[in-house]
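Order of writing sets the labels: A, B, C, D, E and F. Residues in every chain begin at 1.
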Amino acid sequence: MKGTVYIYRKAHFSASHRLFDPALTDEQNAEIFGGCSNPNGHGHNYYIEVCVAGVTDPATGFVVDLKAVKQIMQERFLAMVDHKNLNADVDFLRGVNPTTENIAIAAFRQIAPHIPAGKLYSVRIYETENNYAEYRGDHS
Amino acid sequence: MKGTVYIYRKAHFSASHRLFDPALTDEQNAEIFGGCSNPNGHGHNYYIEVCVAGVTDPATGFVVDLKAVKQIMQERFLAMVDHKNLNADVDFLRGVNPTTENIAIAAFRQIAPHIPAGKLYSVRIYETENNYAEYRGDHS
Amino acid sequence: MKGTVYIYRKAHFSASHRLFDPALTDEQNAEIFGGCSNPNGHGHNYYIEVCVAGVTDPATGFVVDLKAVKQIMQERFLAMVDHKNLNADVDFLRGVNPTTENIAIAAFRQIAPHIPAGKLYSVRIYETENNYAEYRGDHS
Amino acid sequence: MKGTVYIYRKAHFSASHRLFDPALTDEQNAEIFGGCSNPNGHGHNYYIEVCVAGVTDPATGFVVDLKAVKQIMQERFLAMVDHKNLNADVDFLRGVNPTTENIAIAAFRQIAPHIPAGKLYSVRIYETENNYAEYRGDHS
Amino acid sequence: MKGTVYIYRKAHFSASHRLFDPALTDEQNAEIFGGCSNPNGHGHNYYIEVCVAGVTDPATGFVVDLKAVKQIMQERFLAMVDHKNLNADVDFLRGVNPTTENIAIAAFRQIAPHIPAGKLYSVRIYETENNYAEYRGDHS
Amino acid sequence: MKGTVYIYRKAHFSASHRLFDPALTDEQNAEIFGGCSNPNGHGHNYYIEVCVAGVTDPATGFVVDLKAVKQIMQERFLAMVDHKNLNADVDFLRGVNPTTENIAIAAFRQIAPHIPAGKLYSVRIYETENNYAEYRGDHS
C-alpha cells in the first residue's frame, strides 16, 4: 500500500523452558538440543516486538493506537507467559517445543485476531540479545 | 537490483512534543492520546536511522559516502529538531501532530531530495527503545 | 556493615525541561545552557536508578522487597514526572533549575523517607545514555 | 592502595528459578514473592560482572590477566549455573532462596578463593536490565 | 514460502582496518575516507548478524540448528577476522577495501555455501552501534 | 563533602592496538596476551566515561558545566586517540602497553589538570561491553 508506515512496540517477559522431543531419550535430546534440554529447565529474559503496518489516520497521525496494541499484547500473550514455565503453564504452547521459532508463530496467532485485518506485519521474539526469530504470518 | 547492499546510519536528538487534535477538548485529547497530551508537553531522546540501498562503487567500496549522509541528516533534519519543541519550533512539522509516524514521514521527505534518486530506502524514528516507526517513501 | 549487599532498581520516564536562570536574559541563558535553554523546551527519555544497601533477611533472601521499592518509586516520583514538563508541572522541582544534578537530589529526597532508615544508598538520573548524575544523600 | 585500578569482566548465563520459603504455603509465597514464586519456575538471561582491584604490573600493564579471570568465572560459576535450574541443579545454592542478592553472595564466595588475596572487589548479578545486586565480600 | 520464519544469530569480533584506494595519494585518501584512512589503521568492535529463513521442522521446532550456524560463523568467518587486521591478515578480503559494505558481502559469500541452499537470507555487519550494512546475496 | 553529586559524561572512540612486551618474543607475547598480541594489531570501539564530583552551584544547578567537560575530553584525549593506532600514533601512550588499565590511567592524567582541583573523581575506559577499567587518580 502506498505510504505505508511500520510501527513497532516492544515488551519484556521472563520465562523458563526446556527443549526436547518426547519421542527421544534424554541422551538423544541432549545431542540435538544441547544445554537447552536440561531436564529441570532454564530460562530467559525474552522480548516480544510487534509490528503493525498501514497508512496513518489523518486526524490522529496514528497507524494504530499503540496503547491498544500494548493492551492486546498484555492480555493475549504476556499475561500467559510472563513468570511462567513455557512447557507446563501455557495453553497455546501445549504440545509444542518452545523454540524461539515456535514462540514467535504462537504469539503471532494469539495477537493477529485482535488487530485490524491484515495490519499485523510481524512478530519477533528475542530469546537473548544474540538469538531471535521473526514470523510474518501463515500466508507469507 | 542484483547485489544490493543496505547501509544504515543512526543519530540522536532530544525534543519535546505534545500529541493533540486542536479540534478536540483537553478531555477528549487525554482520552485518545493519554499522558502524551499533557498541555505543557513532555519529551524524548529520539533516534533517527536512515537506510540507503544500492550497489557498491568498485573504487571506494561504498554504496554512498556515509560522511555525506551524516551531513545531510544534520543539515536537513537534526539542526531543526534537536533540543526543540516539535509542536512549536519545526517548520516542516507545522500543522502536523508529532506522532512517531508523522516524524518518520517528515524526516524521509526532508532527506530524500538530497540522496541520489531512488536510493533512500527507509527512515526509522525511535521514540523510546520500545516504540518506533519506519517509513519507506510515498510510493511503497 | 559487614556483608552488605547493594540492590538496584531502574525505571523509565519521559519529560521535557528548559534550563535557565530567571535572573538572566535569553541571550545570557543561551550562553550558559546552550540548546538546553531553548524557550519552548525540549525533552528526554530519562531513567532513574535507585540503590538500597543492607544485609539480607535470612527468611526471604531480600535486602528489601523490590516490589515495594518499585511502588515507592512510582508513587513518590514517577507519577509526578512521567509525561510532564519539569519546569511547570512538578511541585517538588518548583523554583529549581531541572538539571540532571537537581533532579537526582530531588528524587533522593522524595524517596528516602519511605525506605527503612539509612538504607537508601544512592539515586542516579540518566538524562541520556551519555550524561547522568548520582546523589548519595545530604550527609555524604 | 595508591594508584588502584578497577578492572571489570562481564559474562552471560541463562537459568530458571523459583523464589519461595519452604516453611510457607503457596498462597503465602505468592503474597511475598509475587510471580517469582510460580511453582513451575520462570527464568532469566542473567549477567555476572566481576571487579578485581589492584595496581598494574609494570611489565604487562595488567592488574590481573582477564583471560585467567574469564576461566575462573567459567569453571567456578558459569559451568554450574548456565542452562540450569537454580533451585534444583546447583550445589552451592542448595537450601538457599535464589534471589539476586543470594546469587551475588554465592558467586563472590565461589570466585574469591581463586583470585589473588584481597583483590576481588565486587560481584554484580543482573537479573534483568532493571534489577541487579552487588556484593563486596563478607568483611565490607 | 508460506509460513516462513526468520531466525537470527549475532556474534562479536574485534578488528582493525584502514580504508584507502592504493591508486591514490595519502592526501586524496584522507579527503575521501577521512579519519578512516589513518595509515596506521584504527579499529572496531564489530558485530555480525546472520539471518536464515525457512519453515520449521515439525520434530525439532527449528528452521535450522543455531548451534550449527554458530559453528559455521566461527569456522568460516570469525576465526579469520577476530583480533585481526582486515587489510593484512584476511585471505578473503585480499585486494578489497574493508568497508562495512564489503565485509558484509564477503561474510555472506563465506557462509552461504555451508547453509542449506537458498536459506541464508541476510548478513549484517555492525561497524559501530550507529553504522551498519546488510547484504542479501548476489541475486537480490 | 556533604551533598556531593557525581556527574558523568561518556564518549566514543575507535582505535587499534597491539598488546606486547618488546623484551619478549612473538611466541612469548602470544602466550601472555593471546589474540591481543597479533603483530598487525586489531581494534575496538572504545568508550571513555568521566566522572566529576562536587556540590552544585546554586545559580546554575551544575556541579560542572558538562559542555566544558565535553570540550576538555575532546581536546585532551579524543582528538589524540580517535581513529588512531594506540601503539604508534599517541604521544601520551609512548612506551606504554595500551591495556585498558593503562589507557584509563593515561586518560585520567590527560584530563585532570583541566578540571577544578580535586573534582575529577574517576575515568573509565570500556574496551568492549564486557571488559572495562576504572582509575580514580594517583592518590586513591
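To be clear about the criterion, contacts are C-beta pairs under 8 Å (C-beta built on N, C-alpha and C of every residue); 3 or more make two chains touch, one makes a residue touch a chain.
From a predicted model like this one, the values you see are computed outputs, not experimental measurements.
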Each chain counted as touching subunit B and subunit F at once: C, E
Reaching subunit E from subunit D through chains that touch each other, fewest steps: 2
Reference subunit A; chain at largest CA-centroid distance: F
Centroid comparison with subunit C (C-alpha atoms), farthest chain: E
Interface composition of copies subunit D and subunit F: same or different, split at half: different
Distance between chain centroids, defined by C-alpha means - subunit A, subunit D (Å): 29
Whole-Å gap between the CA centroids of subunit B and subunit D: 41
Shared-contact residues (touching 2 or more other chains) in subunit D: 34, 129
Chains that touch, pairwise: A-B, A-D, A-E, B-C, B-E, C-D, C-F, D-F, E-F
Residue ranges of subunit D touching subunit A (in the complex, touch as defined): 12, 14-17, 34-36, 38, 40-45, 82-85, 87-89, 128-129
Residues of subunit F that touch subunit D when the two form their complex: 19, 21, 23, 32-34, 96-102, 104-105, 129-136, 138-140
Residue ranges of subunit D in contact with subunit F within the complex: 2-11, 56, 59-63, 65-67
